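Right, I'll just put the structure down here and ask away after.
Chain naming follows the written order as A, B and C, and within any one chain the residues start at number 1.
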């Protein structure tokens, strides 16, 4: 197992290198005009050259790449060039990460705490009113685009519950609505899949045997079925927690939360290369880690899953 | 009712009275006959036919399936009906010469008009047609490619390392960069939109299938097949995939609503379809902008209703199909 | 008893004064990229600069020049040198309000030097090097000797500027943030981090940026030790970031969390119909940009759109005139500005209220009055010219002429407008005459893909003057000003002069050479512009700004910039009202303001 972990780690580093280099090259394909935004008209050729040189874009590609990696080894993520010129990228990201992380973790926890039991009960009461109610909720969340129901929640729920509309770090009440909004689709997701896996499991032979042996429904559920049904779900849990660092673009822009959501898209649209590279690096590391942890968690839950190579395998 | 409930009820329903009425001939020893012992029962069990039969017995699902087909046909038939308006034409008031902006639903415009005076009824149906087509194309492509790659990735251990890293690389390159670069080369159009969603859309499906296969690849029946020398392709096709039919169907069922949601997102960040082609995605975006005032809320309501109807149908059908696909539910 | 009453009255009065000094809260959708006004010319940064720092001169609420950090000045006889005396006793403060140093003449040199240093990549550098003698050479690196640049601090309290050419608006130019002071000591202390956040900047103006959290909020606090403290009436200015302000802004305003909001177009219908809400809104001032429809004389798009036919057609005067008169501006503007389109339409390229002489506005001079007061849309004339054009072009082109109109898919207004324009013009002029083809482009890199690459036939362009002079407003159509490929207008066949250059450029340059008699100067510019409009080279469309807002801020108080009331405001001497101003009050206030403006212009000391 240890060797497997080491192997994955080594592979991950190579992957990160590939990702960063590919993104770096793709960014250099963007048009030069984009670096100036709306200023493009008011600048003359000389100024544009000066600005591009100062941004480091006039160096040959391999020099730019080399500089980037050299700085990276020293732990320096570089300075932003367009988004907030000259500002250290670390300084841009640092205050935003805690907000996204807090909201992300809170919403994922809520999704798990509410979604999974909801899925369980829906499976238990398959065909009865709770199942229909839950299905109705799942369908609603899936059919109404997030952008729409977030706005509804912000406007109507906030006045109904007397909660503030915009986020304010000093006011604890303003933390509630965004976290709840973000968890809604997670709840639907977990409820839907847990229900599906539970229903599939409840059809299995060993359940019929347990019934025949005389175990009560609750005992069967808790001691046997849940564990089996849960295995596919555990795959995604580490990833969900870790990816919260990337923030939620809709919720954060609507509630004015100064988080990470939207930072990447804005950085790409404004062509702030160092910022994009740094963000991609961070998010990829997190994503790769999440994938890896998910595999490990899954293998822990189900001893029949073997991640490493065994004699009978192909 | 789940099967073990049925079992208990069927066991409990036999009373002492009924025992007495049973035919005593049933309890005599049967004579041994060599021929009879060689005969095998003919089972005309066919998996897919049974699945379909199980599905068609579910009344809700069947109604929704028929409803969906009717909806689809209607979107194609609608332009041919009489008194239909063009979805892109701007209607001006004959008297004032100004556009018929933001008219609430009335006799002239059944769903009302939008901010520049286009007929919402025609736009909704035209948009549904476009979105369903996009969703279908994207869903199908993602499913096929996702399943093939996912199955190989999950089963063939040699490919696991390579494909995991390939997946990591492609997944972590921000979609936005690729989309923006692509939009320089290809102009916004339906084809571009489908291509944009297909380039990386199959990855979640592949990962999902891979996870499922990793769970079952070392189960005893697969070990047995491998011992018997079954080729990989046959093993995947006959052992692994049928096991996963129910969950795959559920995933595919929501592909179309998800494609429409993704379209809304792409339009939100400015990479949507051109205006000459209405779609549910950009109709919902337009409606979202004006949903604040009660008088124009209908512009969001109608496309959202259609989208909800489509989503409900697919969700219920997907679940019903997933239930029907489980062989243990086949009688 | 009387004394007591008097004291009580005074106390009450004092209390009332402080009670009126409320906080100003607004939302904003676009975040600053930097707080350093020496680096960026983005609107948000410039506005921050205006409020937190002072220049040598500033403009009062009528847009008239007033001394600020300069107490008095002298212009040399040849008009190229201005010597100013710096006010004593003005201090630099840090973001915590602590005193740092005194503002001296050397600070003005230091600021300009920072801008002209290539390494700093300042976007506003061209404002300095295009106008100050010797600055361009220093910027390019041809000389490293600062003394060759025309900005000198003669001693601690005197600063001298030498301009490269004579400009009538030279003094006003010194009010630009590019010419603001900066403390060399502080710059050296901060090093590369100078100007990256509120604690790496110094403030000498009416407000201090006490809090700055990007994408969240910023707070400006009144500078207690400001040299003109009595002029400040608002204690705190709080700006909250809200990217979806067009969606949740109105609700925020109704709940009292915001005091100043531009009403999004989508909410207008509802607020207009609701009497309670209608009382809360008033028109917003127009701002600085003019939008116009331009013809492309060098189409570089693909053969499928028949560029050769287009070149033939667009060089035909009658063809252009048919489009000029066939373009229904009101219909095009209706979706975006359903209630105040009349106010926003403009008949000329240079906007009204830019320059005026002795009470006569530029747009009334040189024969422009007929365009200013007329309406270019005239279906009868359009069809007349169409008939003539078809006659003249018969056999040379294949009708219908393909008109390529690109549009930006990221801009909802443009998306809507393009569809309306296409159908309106084709319906009026006939689909046998023109075939407008809408070509979508993504928002990213839109200008490069369309205007810069010449891939358009007839499209909307926009421009805002940088200086208070028609020369700046006519930049986009002059070959010698911006890149000649900006609008490609210079490539029109009947524009070209045999010896090179264009007819319009010749007229405009002659006007620009007139620096003594302002009236003559503006007349000549107006005539040049009339030439443009008579020959239908462009179709002036509408002005930026406008719309409606719900605001507690009085629209006609508060210092302005050189563009006057149409531009960025210094909220120094702004007034916060007890309740939002409504439409009737606005009209009354506007009348009052225009009257006072007349008076003030007559008595202007420094113009």
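By our rule, a contact is a pair of C-beta atoms (placed from the backbone, for glycine too) under 8 Å apart; a residue touches a chain by one contact, two chains touch by 3 or more.
Treat the numbers as computed from the prediction; the structure is a model and nothing was measured.
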Hey, which pair has more contacts between C-betas, B-C or A-C? A-C
Kindly work out which chain lies most centrally, taking the average of its C-alpha atoms as its position. A
The distance between the C-alpha centres of chain A and chain B, rounded to whole Å, is 24
Whole-Å distance, chain B centre to chain C centre, using C-alpha means? 52
Averaged over CA atoms, how far is the centre of chain A from the centre of chain C? Could you give it in whole Å? 41
Touching two or more other chains - residue numbers and ranges from chain B: 180, 184, 288, 292
At which residue positions does chain C touch at least two other chains? 247, 251, 443-445
Using the touch rule from the top of the page, what residues of chain A touch 2 or more other chains? 30-31, 151, 155, 269
In the complex of these two chains, what residues of chain A are touching chain B? 7, 11-12, 14-15, 18-19, 22-23, 26-27, 29-31, 126-127, 135, 138-140, 142-148, 151, 155, 192, 196-197, 199-200, 202-204, 207-208, 211-212, 231-232, 235, 264-265, 268-269, 276, 280, 283-284, 287-288, 291, 295, 298, 302, 304-307, 309-310, 312-314
Along chain A, where are the residues that touch chain C in the complex? 30-31, 33-34, 38-44, 46-47, 50-51, 53-55, 79, 82-87, 91-92, 95-96, 151, 154-155, 159, 164-166, 169, 253-254, 256, 258, 262, 269
In the complex, the residues of chain B that touch chain C are 88-90, 92, 97-99, 101-102, 115-118, 180, 183-184, 187-188, 270-272, 274-276, 286, 288-290, 292-296
Taking the complex as given, what residues does chain C use to touch chain B? 246-247, 250-251, 266-267, 269-270, 273, 330-331, 334-335, 338, 407, 409-410, 412, 415-416, 418-420, 423-424, 438-445, 449
Footprint of chain A on chain C - complex, ascending: 33-34, 39-42, 118-121, 123, 125-126, 139-140, 192-193, 195-197, 213-216, 240-244, 247-248, 251-252, 255, 257, 443-445, 447-448, 452, 463, 466, 482, 486
